[in-house]
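In the part that follows, the structures are each spelled out as structure tokens.
There are two complexes below, and they share chain A, which is joined by chain B in the first and by chain C in the second.
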Partner chain A sequence: MKPSKILAWTAIAVGVIYFFVPLIGTFEFSMRMRRGEYSFDAYQSVFADMQFRSTFGFSMLMALFTIILGMLLIVPTAYWVRLRLPQMRPVVEFITLMPLVIPAIVIVFGYLRLYNSSSWIPFTGSTQGTNILLVFSYITLSLPYMYRSVDTAMRTIDVRTLTEAAEILGAKWPTILFRCIFPNVMSGVLSGAFITFAIVMGEFTMAALLNRPAFGPYLQLIGANRAYEPAALAVIAFAITWLSMGLLQIVSRFGKLAPSRP
Partner chain B sequence: MSFLVLQNIKKSFGQTQVVKDFNMSIDKGEFVSFLGPSGCGKTTVLRMIAGFESPSDGTVTINGKNQNSLKTSQRNIGMVFQAYALFPNMNVFDNVAFGLKVAGMAKPDIESRVKDMLKLIHLEHLADRYPYQMSGGQQQRVALARALAPKPQVLLLDEPLSALDAKIRVSLREEIRQIQRQLGITTVFVTHDQEEALSISDRIVVMNAGRADQIGTPSDIYNRPATRFVASFVGTLNIIEAIVSDPAANTIRIGDNLVTLREPIAALKNGDTVSIALRPEAGSMSETAKCDTMLSGKVVSSHFLGSVIRTKLDVGGSQISFDMFNSPDAALPQPGELVSLRFMAHDLLLVRE
Partner chain C sequence: MSTASTSFIDRRTVVDWLGIAPFMIFALMFLIIPTLYLVSGAFFTPDGQFTFKNIADLFTPTIMSAYWISIKVSVASSLGGALIGFFLAWAIVLGGVPSWIRSGLLTFSGVASNFAGVPLAFSFLATLGRTGLVTVLLRDWFGFNLYSTGFNILSFFGLTITYMFFQIPLMVLILTPALDGMKKEWREASEILGASTWQYWRMVALPILWPSLMGTTLLLFANAFGAIATAYALTGSSLNIVPILLYAQIRGDVLHNANLGYALALGMIVITGISNILYILLRMRAERWQK
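And now, the complex of A and B:
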């Protein structure tokens, strides 16, 4: 075997050990709740916990709203930038990258300052308002991933010509957007949706500081008070993320079949 | 009365004027090609007819109705794009049906119209295929069917054959022309390929730097180019510099050869320089060739190109290429050989700038 190949395999082996040993350790620990034998007691305990169900359900609902509203904001924006305002592209890219450089805690303190119960727009004055604010903050957090995945999908189709082809056939803007463009960037939309889902399910800072019963704060609470359940929850959280990533891969593979080019 | 009228059309992008005072009238059912090099403004004119661009000045009129204030979607125009532009998420049937669905046509009517269109392009058996499952030629035929399905008043073809290989290009252009004749639809075809334009058009507009240099039938454009640009862009042409010898007698001198032109040159002075054009296929070396004019020169080179033999002559410092059909008995002229090139005087064209 060539030295370069040996080096490559060594690097892969180190990477695998680095990522998988702690995970296997966590999984192994989560199975030790019953003394002297392996069992899924910790998982049973987690699934039986009402708080797990309610926080998981709450975060799922938040993720769903984040994905729908985020896509309704991002797909038309990316489309418009590509079609009519290409000169604005660097500006939009910069804005969408901001959540990566501004810590979530700074963003949420900004929200609390702007939207507290004594402000002009008192989002935090009610539960419903705080939930809306949480969805908006999740949209902000997922912007870098959502925008990029949609924009990359748009790059694979000739947006301008497809728009013109639809326009000359008599189509108006909603028809063009929802029947000609949206279905052709679906792989990007779904990729963005899965990443958003993974982010929302594990997000702690925003939910904790806005005092909402989300899955992230629940993970922290269990981690601080129990022994085996946090390990089981960590494995569950990983499984959710991996499932999202797997679905993302499947969707991307289907997406590759679609574009037709001369 | 003309069906499609472009009147004093101008278009500027910032400081750059890409279309300068363009005028053109197209009759109903006519097939007109806009021919010119890249950047001459031909696609911009087409896009103004479609409504994708607004003229900076001038009007676009279709069937007596000013189109300037109408949006693209309101103009009832069909268009085929260079990049096909089929919707990748829809199969052939849905692509062709798209315009009809948008127009709110009833389902049975849509089905019957789409079937008719697919029959027209001989692709009835591919109705369920998606664009990525078809060849470029098939995709472009579907694009043509999609454009024709809503019965547009004008069909615009924006270099529809450019992305296809040579064989498909020839067969598809013939198919397009045959369908256009069958439907009698007014068609504007944009191309930079002179052979395409010459072979399928009723009239050709040769465009140069935002203007129409010449508008005429393919024969007019090829045989009687109005400007030096048209002469050099359409076909291969020899441009020969000559000296006016006797303006009253229309005679010019090319090297030692005195030649009488058919076109009057009385406005010129003795000793003026003029440019004369001669098509390579107009001349012959055969002594029996029908001719009334002759140029003597020395062979510079001679190449066997299969169906033709291309010979280059030096005539008084000007190099003239001419083609003769291949014949198994014909001997290749040798470099340095003195020969006479015979042709008819009316083949010599006075070139205007």
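And now, the complex of A and C:
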């Protein structure tokens, strides 16, 4: 065997051990709740917890709103920049990458100072307002991923020709946008949606500091107070991430198979 | 005639700009103004006087030690992640392993780089905590007590090894395309000219790759520096890193000075900002060879 091949397999082995041991460890730990034998008691305890259901549902709802509102904001913007304002592309791209540079905790700190109950726009003055602010904060966090996936999908279609064709056939702007552009960038919209879903479901900082009963703060609370349930929750969270990323892979592979116009 | 056409152009320009107005307003309201508010707040006293005192106060022992621990954890986890990630990416691109390992590792990396936050902390507690699987197996099978060596998952080393779980996959994901871009001809040309493998890597491959390597390491650094959920769930507030200090400050003004809190946030933005700017510069350099 060539030395380079030995080195390659060593690297793979190290990676496999590093990544799989914690996953196996978590799974094993989550089954230890009953003394002396393995059982799924920790999972039963988690699923029976009312707070689990309510926080999980809350985060799902927030993720849904984030995806819908985020896409309604991102797709028209990406489309418009490609069609009419190509000179603004670097600026828009730079803005969408800023949430990767500014830590989430700093952004939410700004919100708390700027939108408190005694400010001009008192988002945090009411429960409904805080929920809206939370959705906006999630849109901000997922900007880099949503914009990137939509813009990549838009690269494969000829936006200008599609728009002109639709205009010649007498379509109005809403028709062009929702019946022409959206369906054509669906693979990008969906991959952005899945990654956003994975981010929102586990997000801790924003929800904790805005005091909303989301899944992330619930996980933290259980971690501080229980022994075996956290491991079960980690397995569940990993399954959610795996599911979203798996769907993303399927969607992006599907998107590549779609005929791309020259 | 000419006035009509100018006004037409003007109207069109206005419509053009109106098209991205929603996005710009959103970005201003929920990204740019909140950040600028904190940044400017760092230069004022609570009663509105301009001052550099908040910045100067960052250099007190408590805050400096928080920054120092944060930097140490971020450097260690980004270097460790970059090193292991590099070898993994190299193995799947140039190491001659079967292609199912390549696609498997890339898919897994996509998942693992997004598996962060609170659940990640739970995983490592269940594995390397006092009653975790590895700790127990080492004790029962080899009679080796991990915790008697001074190891603790709730420490600098524990946090570093936990962060690497999302650092390594990120390195693999970013570096694989860069390694794919290495042309076969470069290798062949250097072999024909009589270079050894070592010489090829030292004189051809690494000089081309180093902007990618450095740039990605900086990205990993910024990634670890801003992370809070994992550290908070893992160590509570026992490990004094900057994001946790800022979290405590937002929750309960532990520094007893709101504007010092803004300075703390500014410090974080400066550090992640510098590493990201360097990343972008290095990336531009790297792309010269990857056309």
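Keep this in mind: the second predicted complex is superposed on the first by the 254 of 262 C-alpha atoms of A that agree within 3 Å, B and C clash if a C-alpha of one lies under 4 Å from a C-alpha of the other, contacts with A are read in each partner's own complex, and residues count from 1 in each chain.
The definition used in the following text is that a contact is a pair of C-beta atoms (placed from the backbone, for glycine too) under 8 Å apart; a residue touches a chain by one contact, two chains touch by 3 or more.
Not measured: the values here are computed from a predicted model.
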Once chain A of both complexes is superposed, is A:158 in touch with chain B (first), chain C (second), both, or neither?
first
State whether chain B or chain C is in contact with more residues of chain A in the superposed arrangement.
C
In the overlay, answer first, second, both or neither for which of chain B and chain C A:54 touches.
neither
Just to be sure I read the superposition right, which of the two partners does A:45 touch: chain B = first, chain C = second, or both, or neither?
neither
Once the structures are superposed on A, label A:180 by its partner contacts, choosing first (chain B), second (chain C), both or neither.
first
Per the touch rule, the chain A residues reaching chain C in their complex are 2, 4-5, 7-9, 11-12, 14-15, 18-19, 21-26, 28-30, 73-74, 76-77, 80-81, 84-85, 88, 92, 95, 98-114, 136-137, 139-140, 143, 195, 198-199, 202-205, 209, 216, 219-220, 223-224, 230-231, 233-234, 237-238, 241-242, 244-246, 248-249
Which residues, counting only chain C, touch chain A once they are in their complex?
16-17, 19-20, 22-23, 26-27, 29-35, 37-38, 41, 84, 87-88, 90-92, 94-97, 101, 105, 107-108, 110-112, 114-128, 131-134, 164-165, 168, 197, 222, 225-229, 232-233, 236, 243, 246-247, 250-251, 261, 265, 268-269, 272-273, 276
Any idea which chain B residues touch chain A in the complex?
50-52, 71-79, 81-89, 98-99, 102-103, 130-132, 134, 136, 139, 143, 146-147, 150, 163-164
Within their complex, chain A touches chain B through residues 157-158, 161-162, 164-172, 175, 179-180, 183-184, 186, 257-262
